[in-house]
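In what follows, structures are represented as structure tokens.
Here come two complexes built around chain A, the first alongside chain B, the second alongside chain C.
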Partner chain A sequence: MLRTAGIVLWKDLRIELRTRDAVSAALVFAILVLVIFNFALDVNTPEMRRLAAGFFWVAFAFAGTLSLNRSFALEKESGAGRALALAPVDPAGIFLGKCLANAVFLFVTQLVALPLFVIFFDVSIARVGALASSFALGSLAFAATGTLFSAIASNTRMRELLLPLLFLPLAVPALIAAVETTSFALGQTESASFWFRLLLVYDVVFVTASLLVFEYVLEE
Partner chain B sequence: MAVSTPALSCERLSKRYGRISALTSVNVTVGAGECVAIFGRNGAGKTTLLHVAGSLIRSFEGEVRVFGTSRRDATVETRRAVGLVLHEICLYDDLSALDNLRFFARLYGVSDYEARARDVLTQFGLSERAATAVRTLSRGMKQRLAIARALVHRPRLLLMDEPFTGLDEPGSQTLVAVLRDFVRDGGAVVVSTHDVERAFDVATRAIILERGSVTLDRSVADVDATAFRHAYWHVLFTGTPRA
Partner chain C sequence: MARRKIAIFVDALLVVTMAVAMAMVFFYAPIESEMGIVQKIFYVHVPLAWNAFLGFAMVFFFSFRYLATRDHKWDARAQSAAEVGVLFTTLVLITGPIWAKPVWGIWWTWDARLTLTLVLWLIYMGYLMLRRYVESPERRAVLAAVVGVTGFIDVPLVYFAIRWWRTQHPQPVIAGGEGSGLDPRMSATLWVCVAAFTLLFFALYGRRLEIEALRAQAEALRDDADAAQAQGARS
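For the complex of A and B:
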């Protein structure tokens, strides 16, 4: 399974390095949302600064959906996904490879959008390690749920509409935990150990569940 | 004398799409070292037959076996033994020609994947386009690459749906030469096509499918290509076999 995951990850990273479609689309969208928040709200007040992590993750949740939509759309192009599905490999390996690739894209998008977020919302990063963990665990949570539902939605006519409808409600616990852990990293709360644990459990549960059911999704 | 397991055997194979019957009790057996050309009008059931044999369709009546294993429970080994060329090219548009072949070779567990990918590219005259993104290749080049992808993992059974489509004369000649070598080395090929001349260059057997049923199944050695072409045209234009 790990060997297959590595091959699929290599393929998705290679395509992204050539096209930069997933990261650039998500990044532009995230920046646009942050700019709109910046101009629509008076963000330079202590109350707004306390909500900054929430604004960041709201922007990222919608931007990430764009990136996830593309994940299986590229498998549909020219029927390459058919050849992939027929390969003599464990479907769980295909899921893991695509999930890790999506997590990398989402993480990179967050890192690139971070300086703009810091400037717009006038926040400082109090705990760098915690912020990196929050982004990494949050990205994996989004990628695990999003990759599975991207695969399901890709077989439907209204996949762009269906993915956020299926995926965002399930991602709400991860989104709340990610906001809380990012707030902690920005020095706005004193402790976030519960939220980090929740994010970790969410990652383990959704990655495991997706590995188990992906075979049936792929067959459809 | 031991009887070897057929590469592909279809027994009473039937497939319906709702009310439409795509295949009706089809019996076809393809042994190692055989190349079977399947002819038929559009909608005669050629693609459905190849999709069932290639495990793209799992819901059907009857029995389909590849190297003795039922297609309903296709194992890793039987998947590895089959190469498929479909209407779609089944390649990643944004990857280079070489990266596509590397990817599928690695996925199929080819140990010398780098050398094999380059060999197959050279075989199909695409070595100069190795680094070119598939998106920018011509239709014929994409088709050659699609055939190269189906061969990169050294399958023992090759299922090809109209592989000559989009190929120029040198491309068609290359494909015929590759298929001849493949069959001579003990591989089995099932190819659906409308190109009687090309098919007769390589096929050992010819089958005509009409409305989901086999109406002719002959060894190419027993059939005159010109007479067969006339009979096939009769089927194409009238929808019925010649009396």
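For the complex of A and C:
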């Protein structure tokens, strides 16, 4: 399973390194959302700055659906999805590879967007370790749920529309926990141990559940 | 035929129980001292909510069974339970604000239970929409079952997240300790209402299953007719 996962992950990373499609699209979209927030809500007030983590994660929830949509559309286009389903490998490995690749894309997008975010919202990073773990755990949470639902939605007529409808309600706990842990990292709240634990539990639950059900999603 | 008899029995029981329940709501249960007459909606709201949750638990169980057995009856059951569950949740979300506005002064508050209900509604609306957009019945059943299982696993996580979030952020209204010290006549009425709405749930669920069976039958007949026609054209 791990070997399959490694191969799929490396394949997706290589495609991304050559095209830079997922990260650049998500990044531009996230910046766009942050700019729109600025106009819609006039964010340069102290009260609004306290909500910075919320703006950041909302931007990434939407930007994430963009790159997640692409994750399996890519396989469908070239017929690679069928080849993957036919290949005599563990479906769980394919899921793990895709999921880790998506998590890496989200995480990298966040790291690149971070300086802009700091400039736009005039926030300071009080706890670097907490920020890194918030981004990493949050990206994995979105990727785990998102990869499963992206695979499901890619089977339907309305794939671009259906992914956010299925994925966002289920990602509510992850989104809340990600916002709270990032707030903590920015020094706006005193403690976030509950939220880190919740995010971790969410990651474990959804990665495990997806590993178990992915074989059903992949078959044709 | 036995199924038909059960359906008629459930319907008859439903009519009687619902009549008794409504009579108790309006003539037996005392009028709440602070909220007044509007509190009567409680007897509809709460049983609807409980049965909606029951419906979603059934979707989970049936989806799980479907993945294990690949028997289409489980898929039909999951779909029927989801549809009635979403209908009940919609009614919960409508009766809730009608009750909240006169009592709390606002239509909506992001309280843990309200938010959870709304998120559940969204999850299972997604489930029903997914069913509409998959052509092959085989694939539809499998994909829907996967969503039916993962969606329900998410419920406790959503609940804890929202609850903890609520305790950290100040609440806009002070919701009185609902359910605390119910008058015995009120709780008796509530339980009869719960029975009535549970019967309503299963009556609707049974009807929905019947429709699904008829639809499958009609489809099989149409396929037969198509096949016969194709054969006739060939000879």
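One rule holds in what follows: the second predicted complex is superposed on the first by the 219 of 220 C-alpha atoms of A that agree within 3 Å, B and C clash if a C-alpha of one lies under 4 Å from a C-alpha of the other, contacts with A are read in each partner's own complex, and residues count from 1 in each chain.
Basically, a residue touches a chain if its C-beta (ideal position, glycine included) is under 8 Å from a C-beta of that chain, and two chains touch if they have at least 3 such contacts.
Fair warning: this is a prediction, and the values are worked out from it, not measured in the lab.
The wider contact with chain A, measured as residues touched, comes from C rather than the other of chain B and chain C. Judged by the touch definition given at the top, the superposed model places A:Asp42 against neither chain B nor chain C.
Residue contacts after overlaying the shared chain place A:Glu190 against neither chain B nor chain C. In the overlay built on the shared chain, the residue A:Ile152 is in contact with chain C alone; chain B does not reach it.
Contacts of A:Leu74 after superposition on the shared chain: chain B is touched, whereas chain C is not. In the superposition on chain A, A:Thr4 contacts chain B only, with no contact to chain C. In the superposition on chain A, contact of A:Val89 is made with chain B only, not with chain C. In the superposition on chain A, the residues of chain A contacting both chain B and chain C are 219. Across the interface of their complex, chain C is touched by residues 145, 148-149, 152-153, 155-158, 162, 165-166, 168-170, 172-173, 176-177, 180, 194-195, 198, 201-202, 205-206, 209-210, 213, 216-217, 219-220 of chain A.
Every residue of chain C that touches chain A in the complex is listed here, in rising order: 67, 119, 122-123, 125-127, 129-130, 133-135, 139, 142-143, 145-147, 149-151, 153-154, 157-158, 160-162, 164-165, 168. Those residues of chain A whose C-beta lies close enough to touch chain B in the complex are 4, 7, 10-11, 14-15, 18-19, 74, 77-80, 82-84, 86-89, 219.
Taken in their complex, chain B has these residues touching chain A: 54-56, 58, 76-77, 79-80, 82, 84, 86, 88-95, 99, 103-104, 106-109, 133-134, 149.
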